[in-house]
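Structures incoming, each one as structure tokens.
Both of the next two complexes hold subunit A, though its partner changes from subunit B to subunit C.
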Partner chain A sequence: MAFTAFASQTTVEQAPRKRSFVALVLLLPGIAYLLLFFLTPLISLVITSFQEPDLYGDIGDYVTAFRWENYVDAVGEYWPLILRAFGYALVATVLALVISYPIAYFIGVKARRFPLLQSLLLTLVIAPFFISFLLRTLAWKQIMSDEGPVVVFLKSIAVLPSDGHLTGTAFSVIFGLTYNFIPFMTLPLYATLERLDTRYLEAGADLYASPFTVFRTVTVPLSMPGIVSGTLLTFIPAAGDYINASRDFLGSSSTAMVGNAIEANFLVLQNYPAAAALSIVLMAVILVIVGVYVRRTGTEDLV
Partner chain B sequence: MILQAIRHSQALQKARSVSLSRRGFLGAAGMSATALALAACSSGGQRADLTPAKDVSATEKTLAWSNWPAYMDEDDDGNYPTLIGFEDESGITVTYNVDVDDNNSYYAKVKDQLALGQDIGADTVCLTDWMVARLVRQGYVQELDRANIPNIANLSESFANPDFDPGRKLSLPWQGGFAGICWNKEKVPAGLKSVEDLWDPALKGRVGVLSEMRDTIGLIMLAQGADITGEWGDDDFANAMDAFTQQVEDGQIRNIKGNAYLNDLQSEDTFAAICWSGDITSLNATAGDKWEFAIPDAGGTLWNDTFVVPMGSAHKANAEAVMNYYYEPEVAAELAAWVNYVTPVVGAKEAMDLIDPELASDQLIFPDEETLSTVHVFRTLTPQEENDYQAQFQKVLLGS
Partner chain C sequence: MRRRTKGLGLWIYTFIALAFLLIPIVYTFVFSFNDSGKLNIAWQGFTLEKWATVCTVQGLCEAFGNSILVGLTSTVLATALGTLIAIALVRYRFKARSAISLLLFLPMATPEVVLGAGLAAQFLTVGVEKGLGTIILAHTMFCISFVVVTVKARVASLDPALEEAGRDLYGSPGQVFWRITFPLLVPGIAAAALLSFALSFDDFIITNFNSGAVDTFPKFIYIAAARGIPAQVNVIASAVFLLAIVLVVVAQVSRAARAKRSSAS
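Then we have the complex of A and B:
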């Protein structure tokens, strides 16, 4: 598909020949990059997913074949983890949107008159990135540990039963996903809301719309590009995430997501075909979901 | 098939030992996606027919050594005193890489180079004995030259003849340890005696176990009366898996982890755990004397992390020099005083008496015959067993 770029380049008549040559040269590194680091591994992944075990081989030895049953086996064994991954990702995305929207609105619209405050707040949104994602997740595990302040408090007000805990539950995994992806939601939202023309809001109010109606019929539609790109940036990596749900971080054996199954098959079981098949299934499902979503929301002018 | 053809090609072997590096890489990078795809059909299988890389130790005084974390004595500045001693004595510059975090993931990382007999970035590496057994079985490691390791005479008799390498021709133990049970003395004042004690309802949701199958399932099998060293089969394994699955599903077992189980003990998410001996000594030293380790009544497991020299290593003699050095009883004692694991070196105990008599009587570092009789080595699994058992174990870990 990368080559169609060349084709369309040459058919554009009015473009000067020389410039198209320059464009081609400029494109080359990008195309080479895609071929080498995207297309090649992808093909290798597809081929691996159809391999079958070497009859006389040791652990991790596979031979090329067309064993499509790998997909049936992998989905058959891990479908609850696939569903769980998308369920967790969906909840985390919705939560991140609900939390991020007011933040982005405040920074992008309300704080407009105070540029210094605006940049300070933006810095705060990005600030978590200054510390490694793994360390922050471990820190949450520490905060939510059984003898930690949160659990002790929740137990004392009887929200948690006396033998209850937070780490290793669906709650902590979704919490971790939401927390870790909030900046990815806030920034695109901010980028669209920052350009929001407030005169539309005034016009809405002048026409006797309640603040809520103005929000629903003016603000939200105008910020749709931000909502779509924010949800995509959150949902896609969250569905494939294996850190938050990992037993070493916020998860346990009852919260494993499909990413954890891929990791275990690849690194521990050395069952490369199963890991490859699961990865492709994950990619395909994400592609379908995102395709339908983008089509439904009708946002062609994304990012 | 292609790989096998490549393996046999003399030209490549020459290129491998001299400089596979740049040309090899560019060649590979230049390959079309299809060719790469074909190369992906790695034909594994039978024992690889590899020959050792040419040893250039005489001219190149370097050694790259990969090992596990916290496995080398360290001073306050982060230097390794015993290793510096070796460098001074031998004139060999050692690149000590702490990059083995897990047997399986390390193997997954280097397996393609191993299969081709290429340099894996380590001239010697210390892996756990069951993984070493796999490397030996596949013909991935070089034979050691005993003449270069005179101190091999100090190798303890109990480690001299493992089932995967009788007579220690290809491997040499680095440090070993036990898997047993431990508990928080404040929360479980009565202490624990057996694996069954971990299933006490009072500890519900507060028990951690290791994600290392051989240790967790090994301890449960021992508790069920199986002899993990000798003859046992699918039924014994299945019985232990049933008991394990039951405890996970009931929520008795809170979590199943690798080295991170120590964090759980420290944060008191878990009060008791299946754990590794030396870790508890270190944890007590850093986080207050709160935990106690014991080998369960029915017995514990014994493992060793073991030196091997991969086929692609061009510095075997240098690797043998470092092994020889660490088999000096004085050096072994100095090391053991820091890492708190079982040393395979005879005479280290006497040397330790001079450094710290208290440590010399520590059964976790210098186990006597009586202690050793309570721990057992998990027998080497066939590839089929390993695949099958690991799959069952991972199924529980993933809750699928």
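Then we have the complex of A and C:
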């Protein structure tokens, strides 16, 4: 949703006046705040990622240096976690898109004639936001626990071997990521589908296109802005998430993602340079992926 | 006939999918009535006791209070800063516009773990002690962009003729802003403030990096998850959920009723 709003720069057609002094006064506090607490921290992160241990200090004391080997070490040690993070995030994003599209289509197009139903259904989509996402994830952990109803049922129909688990597996982590980000996918999809002109669909049908052809050649291209925002709003946080993959939640040590390594290195091991290097790698890969993706899908006016 | 059954399939799918989204919420609510010991895992029988003894769990109500305090403070700060930026972006032409748009877009495109680690690295470098203050600074930062996006849409939909009329009637710039522009922006600002509060209240990842020894409600849950969540956590979460959902539904029903009345007249 946020991404679509930034893409729609065309709304700025109110003949802006040229009093740049007033603009400066309006912009200064907020922009200064972001420079101080968003941009400077990113620079701190880059500086930290090159630091080396202080020979005369305690554990956790580092001095400024240009130790680029930090990156080699961090990536060398954690590359499986980096790959896993992007792999899980990719699968979760595709699943969330497939699950969310029909929901968004129903609320945005089919329920259009019933505004009250439409807004109540939307409330149900955002309802999970009103309860802590940690608790929601823990609820799934209980439901999928070894003594829980799901595992018992799956074992009774022999889908799961008798010593099998659901929690702590790649399945449960991807399940949790998909579940947690479905609202982030559904809302931007809804926002574009809600404005979909259904006469285009009728025109397609009149021209003897099958429902599937109409969907593929008309509906999907027209809802592309929503698909792009939804997939970005899901993929980016999912790739950096470390709650679902944490062993106290849906994961285990064999499902750890790069976010878990950043948390452990920063908050437990006090290996700040390694955590910083991993953060920079994560951010760089995401920016490259987002850049290529946005270019390929032809929505370059994102910013 | 085929058309009708196809539409029905979508109905059924949507309701099943939404029911699926609600399963953990129902679970959390039901287990707030569980007559459990320290661990709230297996169902032990119904009790209202946990609702009456919320604050007997050590640190829980303090953490919840911290979350409310952080949420309110960072909402006020982020809403003020973000609203000013939104007005400037829509109403004025200035250099460095694309650089500023990028600066507003990037915090939303950066994973929380990177935002959290970056701020923590900065506080470490400068030697700031982490606590409530650093949590508020962090939450304000990530809320600003969302406020800008929300309020900007509202500013862009304002009719500039209304403000022109105010100026024609010799209103000072201050009068025009407070008597005309601001009241018209209130729905957008309110939506942005609600969004900020929700984002702040539920944030865990950035908080975890910048809170030091201070607990918020999500951080309390994270720490408790290692040894088992007391049912009182479910009580607080359920109460907050019910309050929020009632507010939203009442707002929607009254808006729908108003829309019906104005279209009827």
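We take it that the second predicted complex is superposed on the first by the 281 of 303 C-alpha atoms of A that agree within 3 Å, B and C clash if a C-alpha of one lies under 4 Å from a C-alpha of the other, contacts with A are read in each partner's own complex, and residues count from 1 in each chain.
The criterion applied here is as follows: contacts are C-beta pairs under 8 Å (C-beta built on N, C-alpha and C of every residue); 3 or more make two chains touch, one makes a residue touch a chain.
Values in this document were obtained by computation on a predicted structure and should not be read as measured data.
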Contacts of A:T48 with subunit B and subunit C, given as first, second, both or neither: both
Which superposed partner A:D146 touches (first subunit B, second subunit C, both, neither): first
First, second, both or neither for A:E202, with subunit B first and subunit C second: neither
Which superposed partner A:L39 touches (first subunit B, second subunit C, both, neither): both
Partner, of subunit C and subunit B, that touches more residues belonging to subunit A: C
Which of subunit B and subunit C A:D61 touches, first, second, both or neither: first
Subunit B versus subunit C as contact partner of A:L27, first or second or both or neither: second
First, second, both or neither for A:F266, with subunit B first and subunit C second: both
Contacts of A:Y242 with subunit B and subunit C, given as first, second, both or neither: second
On subunit A, positions contacted by subunit B and by subunit C: 35, 39-40, 44, 47-48, 138, 142, 145, 147, 248, 266-267
Subunit B contact footprint on subunit A (complex, rising order): 35-36, 39-40, 43-44, 47-48, 51, 54, 56-64, 77-78, 80-81, 138, 141-142, 145-148, 163, 165, 167-168, 247-248, 252-256, 260-261, 264-271
In the complex, subunit A residues that touch subunit C: 1-3, 5-6, 9, 11-12, 14-20, 22-24, 26-27, 29-31, 33-35, 37-42, 44-45, 47-48, 99, 102-103, 105-107, 110, 115-116, 119-121, 123-140, 142-143, 145, 147, 179, 182-183, 211, 232, 236-237, 239-243, 248-249, 259, 262-263, 266-267, 272, 275-276, 279, 282-283, 286-287, 290, 302-303
Residues of subunit C defined as touching subunit A within the complex: 6-7, 10-11, 13-14, 17-18, 21-25, 27-28, 31, 41-42, 80-82, 84-85, 87-95, 98, 100-115, 117-122, 124-125, 137-138, 140-141, 144-146, 148-150, 152-153, 156-158, 160, 198, 202, 204-205, 208-209, 217-218, 221-222, 225-226, 229, 233-234, 237-238, 240-241, 244-245, 248-249, 252-253, 255-256, 259
Partner subunit A, residues of subunit B touching it in the complex: 29, 33-34, 36-38, 40-46, 102, 104-105, 107-108, 111, 134, 137-138, 204-206, 211, 248, 254-258, 260, 263-264, 267-269, 383, 386-387, 390-391, 394-400
